[in-house]
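The same chain A turns up in both complexes below, where it pairs with chain B and then with chain C.
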Partner chain A sequence: MDKKPFFVGYLPIPEGLRAFLISLTVSLVVFMAFVGITIGATQDDPGNGAFRFDWRQQTVTGVIEFVPYPILRVTEGNERIPAGHTLMLTGQGKSTIRTRVQPMAGDLVALTGVILKRGELDMMQVAGGNRGLKKVDGPAPDLPAPEPLGRWKLAGEICDGKCLAGAMRPGRGLAHKACANLCLIGDIPPVFVSSQPVEGSEFLMVAGPDGTRLPDRAYDLVGAFVQLEGDLERRGDLLILRMDGDTMELMQ
Partner chain B sequence: MNTAELLFAGVRWWLTIGAGVAAVFLTIGIDRIDEDARGAYVFRPLLLPGVMLIWPLVLWRWLRIETGAGDEQARYVPPRATHKTVAVLMAAGILAAVVLGLINRPQWPADFVPQQISGPGE
Partner chain C sequence: MSVKYIPVQWNRFKWYYDAAMLAGVAAFLWLFIHIAPGLLSHERPINPQVHNARAFGACAFVMLSIILASGPLARLDRRFLPLVYNRRHFGVLTAFVAVTHAGYIIDWYFAFSKSNKYEALLFANTSYGQIAGFPFEIFGVFALICLLILATTSHDFWLKFLTAPVWKRLHYLIYAAYVSVVAHVSWGILQDQRNHTFTAIFLASAGVVAGLHLLAAFKESRDADPVADAHGDWVAVCRADEIEEGFAKIAQLGDGERVAVFKQDGLLSAISNACAHQNGPLGEGRVVACFVTCPWHGFQYDVRTGRSPAPFTEKIPTYNLTVKDGVVLVDPKANPPGTPVDPVNPEGV
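On to the complex of A and B.
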């Protein structure tokens, strides 16, 4: 009869297999640790973006505008969100707040929600129900008109603003492309990360020309490094890039 | 509709049809083709996600068993002869995917300086 040792999980380890099993186990642990460290070390820094739950919910007053993604031009802020700041807006999860704020475009409103922040990029996830959105009595103050900044050629990456601002880590790159596209289909404001700061800002909200949404062609290249041209404008302290989809090229 | 929306819509349709197939299979079909399942109901919701994913295979197997076209015994013969080859190929494939992915990583265009093509109103 064959005396070849045979491993059975609930029986003592056969003598002939002990050394093999111990060396294999140690090798696997060392190998997996090496692979984990190697892959981890080659990944880009996910950045410092995060939900600022430690700030608790913030309430600010301002005017709703559509570019065409909803933004709030803050007229009465607080110690963390000053007046004059422009906040991008989002709903819960991968959904927009467009339908809730659409009837209040141009009106003075008070918004309450959680802030997502990554450096100078920030966004408010507006709370649900009447608690998140209230109309404020009185006329909306006159706001500085959008400042056109000319046409620019830029290189960088199109992301969804929510994940990039801190909802996901990492919130950009090819590994995040499917998530970013789902957010963008859900009408979350897109953001362009520029290779170098433009007019002092590395992050620009991106839209299509003439007040349209992100061009369809851009969805295919979300998360990839691209070169594109577009018209730049400033609203409050937020830069908006109205990209020309025909000029978009994948960088090799 | 862009490619991302097309893919998303496709997945939604696939799962919607899968939910319909699962509803019929888990209430009627499973009783017809598996006598051990008759009278047992608690486990059926657990099969829901799987049936939604592989509903064409479920329909095909259901048809084969209902019509007696399949060789049921052969299905349970484990294909052990190929296990070693498949295991080695899968391990090599994972390693190759990681290595190729790392080699072909796109480089962030840090050297590209933003260029103003024209000023406001030009």
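On to the complex of A and C.
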């Protein structure tokens, strides 16, 4: 027979149980507090990508190309975005700017928007309405032709360029995969984060072969550590990897 | 012991319980959300939406672990029974914390697209055929649905409506929810961790929950209630002099039911061991103020009739019993709940 104090919720707590219950309560509250601060204070660094609202809206002039994701080859820039630079372009949220800029492919335009930047990776979120996108009078200047850099085999991660560049912190990895997929479904430019710098750059825009978009197969492996092959080219200062979907493999 | 269904029957202990529970949760969330960012030396902070989602998600996991640990703890050491006493409130609060976690995630990772955010949650990642990049969100969705079902049916109305055995079986969903949460975390955030502190806490919590269940199961199989021996049409429970005043001896009957033989005022009575509330083990309770009192939530019964004292209306089966040669014999055919049976003198008839 159990002679320990008998607890009945609606009766006063038995004398012999009181000290135990008080220390149990205190321990549990302290435990919760300890676990909360410990988990909270040991989270990984999400990287330094960010919307550069502190720069205000930037306006630059250049030529729009589709690779097949829309990019701007800057011909007339400013101290932050120099001429010769290539900007990836996006619309608001998880939406592309494709249909808005399509009629102006190859034309000289002035784009205004806020910059997202992570290291040397950057992107412009073009402002809405006429303020964001204006045709500039005069012919588009001749741009240096894309420079083929041969076939490469690379290891790294496919991400959506916008979250990675700082729209979300953290904006990569498998816990973020569904979000990245949703961006890519919305036609946001994909980016490959290479485990080793390629031609001096850790980030490359990634697309399918022969001017196609990211191969469907790649969606399954977004956010994972993969190995893949593709043809590399440079446009302005942007590296573009035209990946071959069949060569893609998951790495451990 | 409910006479009518009111949302919660409060007593002073429940206030203490809820205050302690809220203090723990508030401390966890406040430190995680408001103090932790100052301790992180990141060049740019984690987005508040993600930071908050993690705070609520981790909190829900820890709460669920405590809830699940309290059951076996109380089975191993009865002093932990008060933890179980008001566990339903803990469960309901956990469901709210988990919903908040889901809300932050859905309004962040699944918002800003042209699609409905709830649809996006289901179609954005459909790589179900692989391990790396498996849509772990679905485990979270399943766990959340379980928690919401449990929270909604936590009230005694549902217990009465579904009957205790069905209700208890339904509430085993908590285990499905926990396993699903473990999968959700393992396929989600753990995949990206470089600092392994959370991984260690997570594995330790899940390990303690599993370990305590194994330990309690082991203890129960070792100390299982004895099976009553057949004695003609009756079964022998124990010797009459083994039962102490105010306490009971429990025995398993052939049909899986258990009988509890109590001694009150020097006389013996036999009732079902299963409390009408949640089938708590009445035989592990004792007589308090002339009534057998359930160790789980304190429902009371008159041991001679199997009825709760007025104005309450709960009834449990009684058993006919007799004492022969100092041995307590019970008729294994239970009487209908609430049938009065005359108490028996332990000295024999």
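Note that in this section the second predicted complex is superposed on the first by the 208 of 252 C-alpha atoms of A that agree within 3 Å, B and C clash if a C-alpha of one lies under 4 Å from a C-alpha of the other, contacts with A are read in each partner's own complex, and residues count from 1 in each chain.
Note that in this section a contact is a pair of C-beta atoms (placed from the backbone, for glycine too) under 8 Å apart; a residue touches a chain by one contact, two chains touch by 3 or more.
Keep in mind that what you see is a predicted model, and the values were worked out from it rather than measured.
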Touching partner for A:Thr42 - first (chain B), second (chain C), both, neither: both
First (chain B), second (chain C), both or neither touched by A:Leu182: both
Chain touching more of chain A, residue-wise (chain B, chain C): C
First, second, both or neither for A:Glu229, with chain B first and chain C second: first
First, second, both or neither for A:Gly156, with chain B first and chain C second: first
Partner chain(s) touched by A:Gly93 [first = chain B, second = chain C, both, neither]: second
First, second, both or neither for A:Leu11, with chain B first and chain C second: second
First, second, both or neither for A:Asp220, with chain B first and chain C second: both
Partner chain(s) touched by A:Ala105 [first = chain B, second = chain C, both, neither]: neither
First, second, both or neither for A:Ala19, with chain B first and chain C second: neither
Set intersection of chain A contacts, chain C complex versus chain B complex: 35, 39, 42, 44, 174, 181-182, 185, 219-220, 222, 224
Of chain A, residues touching chain B in the complex: 35, 39, 42, 44, 147-156, 174, 181-182, 184-185, 194-198, 216-217, 219-220, 222, 224-225, 227, 229, 251-252
Parts of chain C lying in touch with chain A, wherever the complex brings them together: 11, 13-14, 16, 20, 23-25, 27-33, 35-37, 39-40, 42-47, 50-51, 54-55, 58-59, 62, 66, 78-83, 85-86, 108-115, 120-121, 124-125, 127, 130, 132-133, 135-137, 187-189, 191-195, 197-198, 201, 244, 247, 284-286, 288, 293, 295, 297-298
Complex contacts: residues of chain B adjacent to chain A: 1-5, 8, 98, 102, 105-122
Chain A residues within the chain C interface of the complex: 1-2, 4-11, 13, 17, 20-21, 24-25, 28-29, 31-33, 35-50, 92-95, 166, 168-170, 173-179, 181-183, 185-186, 219-224, 250
